[in-house]
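The block underneath contains the structure these notes are about, expressed in structure tokens.
Read from first to last, the chains carry the letters A, B, C, D and E; within each, the first residue is number 1.
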Amino acid sequence: MDIASLQTLAANNDWLAIMPELLLGCLALALLVLEIILPAKLHSRLPAVALLGVLALLVFQLLGFTAGFAEQESFNGLLVHSREGQVMRVFFLLAALLVGVISTISLAKQKLPHTEFYHILLVVTAAMMLLVQSNHFVMLFVALETVTIGLYILVSYFRSRPLTLEAGLKYLIMGALSSSILLFGIVLLYGVAGNPELPGHTASAMNLDSLHAFLAANRHNFLASIGIVLVLSGVAFKIAAFPFQIWVPDVYQGAPTPVTAFLAVASKGAGFLVLLVLARTFSPYAWLLAPVLTLMAGATLLFGSLGALTQHNVKRLMGLSGVSHAGFLLMGVVAAGTQSMAIGAIYFYLFAYLLASFAVFGVMALVAGPDDADQEISHYAGLAKDSPFLALVLAIGLGSLAGIPPLAGFMGKLFIFIAAFKAGLYGLLAVAIVGVVISSYYYFSWIRAAFFSSGTSSDGEATARPARTPVSFTAGLVLSLLAFGTVLLGLYQGVLGQWLNTR
Amino acid sequence: MSNLPFDPLLLAIAIPLAVAVAIACGLPKRWSIRLAYVGFAAPALMALHAWFYFAGQTQVHGYAYLTNYSTGLDGIHGLGISLKLGLNGISLPLFVLAGLVGLAAGLYAIQSTAERLKIYLMLLLVMQAGLMGVFASVDVVFFYLFHELALIPTFIMIGIWGGRDRSYAAMKVTIYLTAGAMLSLIGLIALYVKSGAPSFDLITLRQIIAARPLGETVQNNIFALLMFGFGILVSLWPLHTWAPLGYGQAPSSAAMLHAGVLKKFGLYGLIQIALPLLPHGAAHWSHTLAALAAVGNVLIVGFITLAQRDLKQVIGYSSVMHMGYAFLGIACYSVLGAGGVVLLMVAHGLSVALLFLLATSIFHRTHTFELTEMGGLAQKTPVLAAFFVAATFASIGLPGFANFWGELTIFVALWQYSHCLTVIAISGVVISAVYGLRAAAKVFFGPPTEAFARVAAQHPPSDLNWREKVPALILLAALLFIGFWPKSLSTSLDATLHAVYAAPTSAGPTAGGPAVSGK
Amino acid sequence: MIHAGLNAYVLLSALLFAIGFFGVLLRKNTLVIFMCLELMLVASTLALVAFSRFNGTLDGNVFVFFILTIAAAEVAVGLAIIVALFRSRRTVQVDELNALKH
Amino acid sequence: MLQPAILILLLPLLSAAVIALFLRRQGGIAAIVSTLTAASIAAMALILALHGGRGEDQVDWLTLGGFTLSLGVKFDDLAALMLVIVGIVGLCVHVFSLGYMHDDGAKARYFGGLSIFMFSMIGIVLADNLFMIFIFWELVGFSSYVLINHWHEKTSASDAAKKAFITNRVGDFGFLIGIIWCYWANGTVNLTQLGEHHVFSTAIPLLLFCGAVGKSAQLPLQVWLPDAMEGPTPVSALIHAATMVAAGIYMLCRIHVLMVPDALTVIMWTGAATALYAACCAIVQSDIKKVLAYSTLSQLGYMVAAFGLGSLATEENGIKVVIAAGVGAAMFHLTTHAFFKALLFLGSGSVIHGCHHEQNIFKMGGLRTKMPLTFWTFTLGVAAIIGLPGLAGFFSKDAILYLAFANNKAVFAVLAFTAVLTALYMTRVWRITFFGAARSESAAHAHEGGLTLTLPLIVLAVLAVIGGYVGIYPKVFTGVFELIPEAHGSDHTTILITSLVVLILGAGSALLFYKPSATDALEERSPGLFRLLASKLWFDEIYQWYIDKVQQRFALLLNFLEQIFLAGFIVRGGAGLVGLFGLGARALHVGKLNVYLYWFLAGVVVLWLFATGVL
Amino acid sequence: MGSFLFDFFAIFTVICAVGTVVNKNAVNAAMCFLLCLVGVAGLFVQLDAYLLAFLLLLVYAGAVVALFLFIIMLLDVQGKSAVSFRRLSTAAAVIAAGLLAVGLCSFAIHGHLDAPNPNYASGVGAALKPYAYQLFTLYLLPVQIMGFLLLIAMLGVIVLSKKIDPAEGAK
């Protein structure tokens, strides 16, 4: 290994290309530094610093956004910067910002250190941004584990709540298991792709492009196919696809509400992006991928809808409904195998899901008491009367999740359906109809609780429910922006539609 | 383009929506009500303008007032979704219907004593905007989207202001209608994808399909999706059980708008989209559709209506039954049949809205919907009785009311399709007369029942007041106007249907019967 | 040095992986479950090193660095959670950690 | 041609609209408006009929998909005759109503209803195509409903109105099918065009005849007419005696070109059976209006039979000429019947009014002296209907009998026997009502009504006397009246003798048998026969049984199936099943980590199986 | 020789691994795990990955297992630790074992790779320098991320295992 090549390698480490991630990391570090140097009474301002920093980054990212972003590699192929990556940076920054806002609500109800929470949040966000841009298994695994370990901590963050720790432990063990499975799959792929006895073998077997080339040359290698399904299993855990979705309700219920939102939106979004990347890499194995993903999509959709049907804890409900959303997105992934427009549809769906989910989680954080795991539908009784604003935001959010026009969720579903229809996934579409119909039931039950029931039981006494948090200005602003965005994106897709459909 | 300085169709949608938003933003009650008048009147005015000046409009691709608003998805690479508004001869009558029924329902709601009136009005305005949008949309996605926009308030209104069983009813209606909407959505997507059209707008779809008709199997499958999807929305037997329940529980204005206008969405979709674009599919499924409609909707539901003891149930079931005629008209696949369906839709919309309005007015006086507990109301409220009898006769197809034209043309068209079904359908006319007159008699005529006498002693019933009378008069006047001058709708309807149905006639449906009767 | 074949290493690592998996399924003590998970990771590293050796690329070996680090971090966090949990629930048995259900 | 006819048509509509919109509370003004309208109609009708031309014209009303429905006028002699009848009788009834309904609370509605009726009836008369006939056909049904229902606080009135409309709808069911069939078979329903060329078919005329069966209350749809007497008496006179029920006959005459022999036979026997049946029923009625109602039924049966007897072949100068004698005979009888039956009804109205709404003839008596004018005009009416020579009924009935005699002896026998019964029951009612002593308080204080009540009686009485002569010496409406069959020679004698014998037999036995007493003589002497006749052959009971025990039970059964099976078992059951799956899916989250880990194993295994190609 | 060493270490490792899984006592399980790691390190040595073998012993055996043992002692749970032998879980375990065995068999049968020449690019992991070159050029970014990962892990451990302030959470 000569110096010149090493220099070339080092020169390719284009740190400017990952400026947002770097800045985010610096911001995270700055938080820790600030906590040390600032007097204790100013510590309560640190979340605001974090949020403003993220907001600034978001603005920076949006301003620098160009639709015609040229695809380029950096870090010797560890990362690929594509237009989708740019979009997803926005997605994760937005998610982090919103999680941060919700956290201010939820953390206020606990006496726990704040700064570490935001620090970890920012690091995880940066890792997610890198994760979706990674083009190399080492990079992918490292970023993924950073995200996962960060999430282990965040899920168990409310350590004074026993249920939270239980959720953390469950997430930890199942997450570690899925990581192991994923890793073994990576190892197998690495081993096979680098095997000099096989045609098309490659020296950089961890690189996804090389791997793709190798797989294209060996379309029916046993070990490769085993590796692929093991990797898929690991990713399926992240996106909560059947049958790796079983952890979802327990963990979602136990985790702090903002972390649940983070899991539901950002982690799932990252998972889907990884899945898209992998699906592209594994595309020579479509014979395996297509049926597996199709069945997975259908089963995920049905299981999520059915599981949520009789659920009355709203966090579990959001979890299970999130599973059915994963089914819709998987449908898009399957369709993406043959229809490039499906990718745009997935992105759009993710954004719609982000807006709607955070609207709902925001309301949940405000409605929840100090015991974060105890959030029943019945606690929403009379919400419309006490706080019409929250009820409206909730209704818009849930409506969008249910796919009701003219909200963004509908357009997302419409695009996915169009893509699926173009790809000829008629069976999945039939399942999707059933899923939508069932989901309308439980979303509507929730809305019904908020709007139709008065909050008093039949004998006139108010049902016991935790006290609701008054809506602060920031929370109100963010929630109304989310609701507005959900409506706007349903009626006018404008720039986002063009970003996502110009292909 | 219109020859008005503004786009009336957009205003008809935007004004109620804007008022709804304004109310949602916390307008004080007094101003909310004042603005609500504007919100309901504007669409009606636009509709009336369109009705009387339609002939003078320049038409582009058969559409008057055609305008296009981008959504960002209509570029070269987009899916071709844009807010395209316009009216043709098929949508004009329904646009008018939506405007008039919306106005009546709105006026009736404004004067009602509903709790939380502001939210009620807001929801109703959203519904009104959706309804105007449904019939003004040339783009299929927006056509669907506006339907759902109008549908959501229905659920909420049933859930909050509904009757005893509101919870169950709201749930059932939601699930049924979601299922129907989803099926039809898939059908519409299928149409878009299979035709290979670059855009969802009907004009393009028609051109593309005219140039390159879809294969037979494809047509059959898509038509099935649309037929059953729309069928659920329009309460095709045996997918109808949501309708009587929902209408029974819905508050009056919601029932008026839903049963009167929104339900017509499915039929409108079949006539405007499914029949012209999928002639083979229509031919393939017509027998099933006709059999279900004739035996199920007309006969079975007709008899079931006879067994009802609740006034709203009678109206609800009768509405299901009349939808049977509409399906029969569609099954004929002829200009006459489809035109008859459009006429019937308008007429039925007006009459059923009137009936629901009057049923609520009756309830305010009798405090019950049970027919066995009423009687002799006409002695106290002759005007109400007169309105109700008129509405009943309208709904059972008495000439002079708009309904007659719809039923007659459908029967005439149906004879050409099937003699046997025509006989079944016409027998429905007798059945509807039986339950209609029986209900009217039970409510109004004869001596008062004991139960009603007790109620009347406590709350002496007063006759129809002006706030109830004005909306009722709007509807009744429209029924009579169309009844006496059907040409006001049929001329443009005929022209459009000929143009639309003429294009893909390779399946062999005929445009009409032998020449002329009266000339 | 005469080497055993690649297949032997791979099979061995698969066997270790399976044993670890089985342990995860079988054991009720969270600490032991956690150890078994580590065993699975180690199994992967074994295969990785073997492949790296036989394929003649260094990537696999370098990857093991990262895996070891990650495993250490994971263990630290995991044990911290288990300790915190033990403090409040006085148990590390998974049977007794089922307050979150249905 | 169109304008004056359209004016006549629209005038009553205008009147009705004005009354409905502005005069709801001003009953007196409404009555005057309506009556003036009726007067102008009568005047214009007479002018138009006697001096105006004949012709037809139309405009399109609805054009859709090649189907055109036109609004047209066909004004020939037939229409002119009918228009005159409607105009005159309508005016009489309006004037009579002014007095009769003077104290009614809902006068505006009543006169509004009359105006709508005039509009609808004139519409039928002028219509130039079957669809238009059907439209106005339904509308007269509606106005009939409104007017029968006038005293709606009585359950019987409301039920009768409902029954009338629904029974008519049953007839219209066939009528509409017939029209539509006719349209598709011939490509037109224009009456004139149908006359030029049409498809010969038995079904079409029979289906069209269904409409007449309903409207003219022929067997088996006769049940509504007696009940319709619940309406105010002038309404009975106008609608349920003189005009609307005769519309069925008029319509048959309009479409006689479509007739084929088989259809005519059915029509003939239906008419004959109705005539006989109704006459039998009339004998035992105690309500004066019911007697007249059954009499109306019977006479309508006569007309239908007459139409059914149809064409007549005569030899003139050795050339066989076939004429539509049925049309002539039926229309002739329709004309005379309109006059004398309206007279009888108005007379009975006068009686009822005088007796303070007492309708039972056994509680009357002695009215001859208290209400002389009514008595004399009523007498003339009775004389006309039983066919006293020289009066209107004599001529028209003879024409029918002659037709029957010439064409079908069996029908002739039936009709002759019916004539005996007619004489019998009319004499009975006449004698019991007007003779003897007053048998009730109200009858004792009976008095003659005012001018508005008596003037129409006089006018109609005059018409009942002279009405027959227009038929036998036609100067006007020759297009109709020249079709009336004339008997010659021995035939003439036979018919003459027959009718005299019939008259003497009927009236004589009635005079002998019935005495003005408080009880029915037949009920005392022969209770079995009385009960049989009073049962009216259980038509009402059978229909009631069908409605209660068959139709309603079937409806309840279907409703039960819908609620239990469809809405319950399938829909709720399906929802429940999905709910069960939901509960199952929820139950899978048992909370135990070990169990969850097995899911991972299962997932990996399944995916492995896919990878190895097992699945 | 090499084959014997492989066999020895392989069998040793597997036995220790099995011991980890089935040992009732958590401490004994941890000890077995430690030995198992030693076995794997031995295998690493045979694969010329001396550095990794060393690291494995250092990091895993030295730090991780020590941590495990420490925690096990701290929590004093070994008495309760036992494999549950209830019927359902036994059946599930047997099925799981069967499935895993079948999977292994299929892996062994189908997963046969044509072994490259054992001496092909021999000693790729033997030298130390290439590791450094790779880590600080090609894999510089992951290394940086590792830094953050360790930082958050450390923070996490601090946050999670701080003693619960009685004022906290009691709300």
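We take it that a residue touches a chain if its C-beta (ideal position, glycine included) is under 8 Å from a C-beta of that chain, and two chains touch if they have at least 3 such contacts.
The model shown is predicted, which means the values in this text are computed figures rather than measured ones.
The minimal number of chain-to-chain contact steps leading from subunit C to subunit E is 1. The chains that touch subunit A as well as subunit B are D. Of all chains, D has its CA centroid at the greatest distance from the CA centroid of subunit C. The central chain of the assembly on a C-alpha centroid basis is B.
Averaging Cα atoms per chain gives one point for each, and the point farthest from that of subunit E is the centre of D.
Between the chain pairs D-E and A-E, more C-beta pairs are in contact across A-E.
One simple way to say how far apart two chains are is to compare their mean CA positions; for subunit A and subunit D this gives 77 Å. For the pair subunit C and subunit D, the distance between mean C-alpha positions equals 96 Å. With centres defined as mean CA coordinates, subunit C is found 65 Å away from subunit B.
Centroids of subunit B and subunit E (each the mean of its C-alpha atoms) stand 69 Å apart. In subunit C, 6, 10, 20-21, 24-25, 28, 30, 33-34, 50, 54-57, 59, 62, 66, 70, 73-74, 77, 81-82, 84, 88, 95, 97, 99-101 are the positions where the chain touches two or more neighbouring chains simultaneously.
Across the assembly, subunit D contributes residues 586, 589, 591, 593-594, 597-598, 601, 608, 612 that each touch 2 or more other chains. Residue positions 175 of subunit B each touch two or more of the other chains. Every pair of chains that touch is listed here: A-B, A-C, A-D, A-E, B-D, C-D, C-E, D-E.
Residues of subunit E that touch subunit A in their complex: 107, 110-111, 113-116, 120, 129-130, 133, 136-142, 145-146, 148-149, 151-153, 155-156, 158-160, 164-165, 167-171.
Looking at the complex, you find that subunit A touches subunit D at residues 169-170, 173-174, 177-178, 181, 222, 225-226, 228-230, 232-233, 236-237, 242-244, 246-247, 249-250, 288, 291-292, 303, 306-311, 316, 438.
By the touch criterion stated above, subunit D contacts subunit B in their complex at residues 20, 24, 58, 60-70, 72, 106, 109, 128-129, 131, 134-136, 138-139, 142, 145-146, 149, 152-155, 157-159, 161-162, 165-166, 169-170, 172-173, 176-177, 180-181, 183-184, 187-190, 193, 551-552, 554-556, 558-559, 562, 566-567, 571, 575.
Residue ranges on subunit C touching subunit A, taken from their complex, read 6, 10, 13, 17, 20-21, 24, 30, 33-34, 37, 40-41, 43-44, 47-48, 50-51, 54-57, 59-60, 62-63, 66-67, 70, 73-74, 77-78, 81-82, 84-85, 88-89, 97, 99-101.
Those residues of subunit A lying in contact with subunit B across their complex are 341, 392, 399, 404-406, 410, 414-415, 417-418, 421-422, 429, 433, 436-437, 440-441, 444-445, 447-448, 451-452, 490-498, 501-503.
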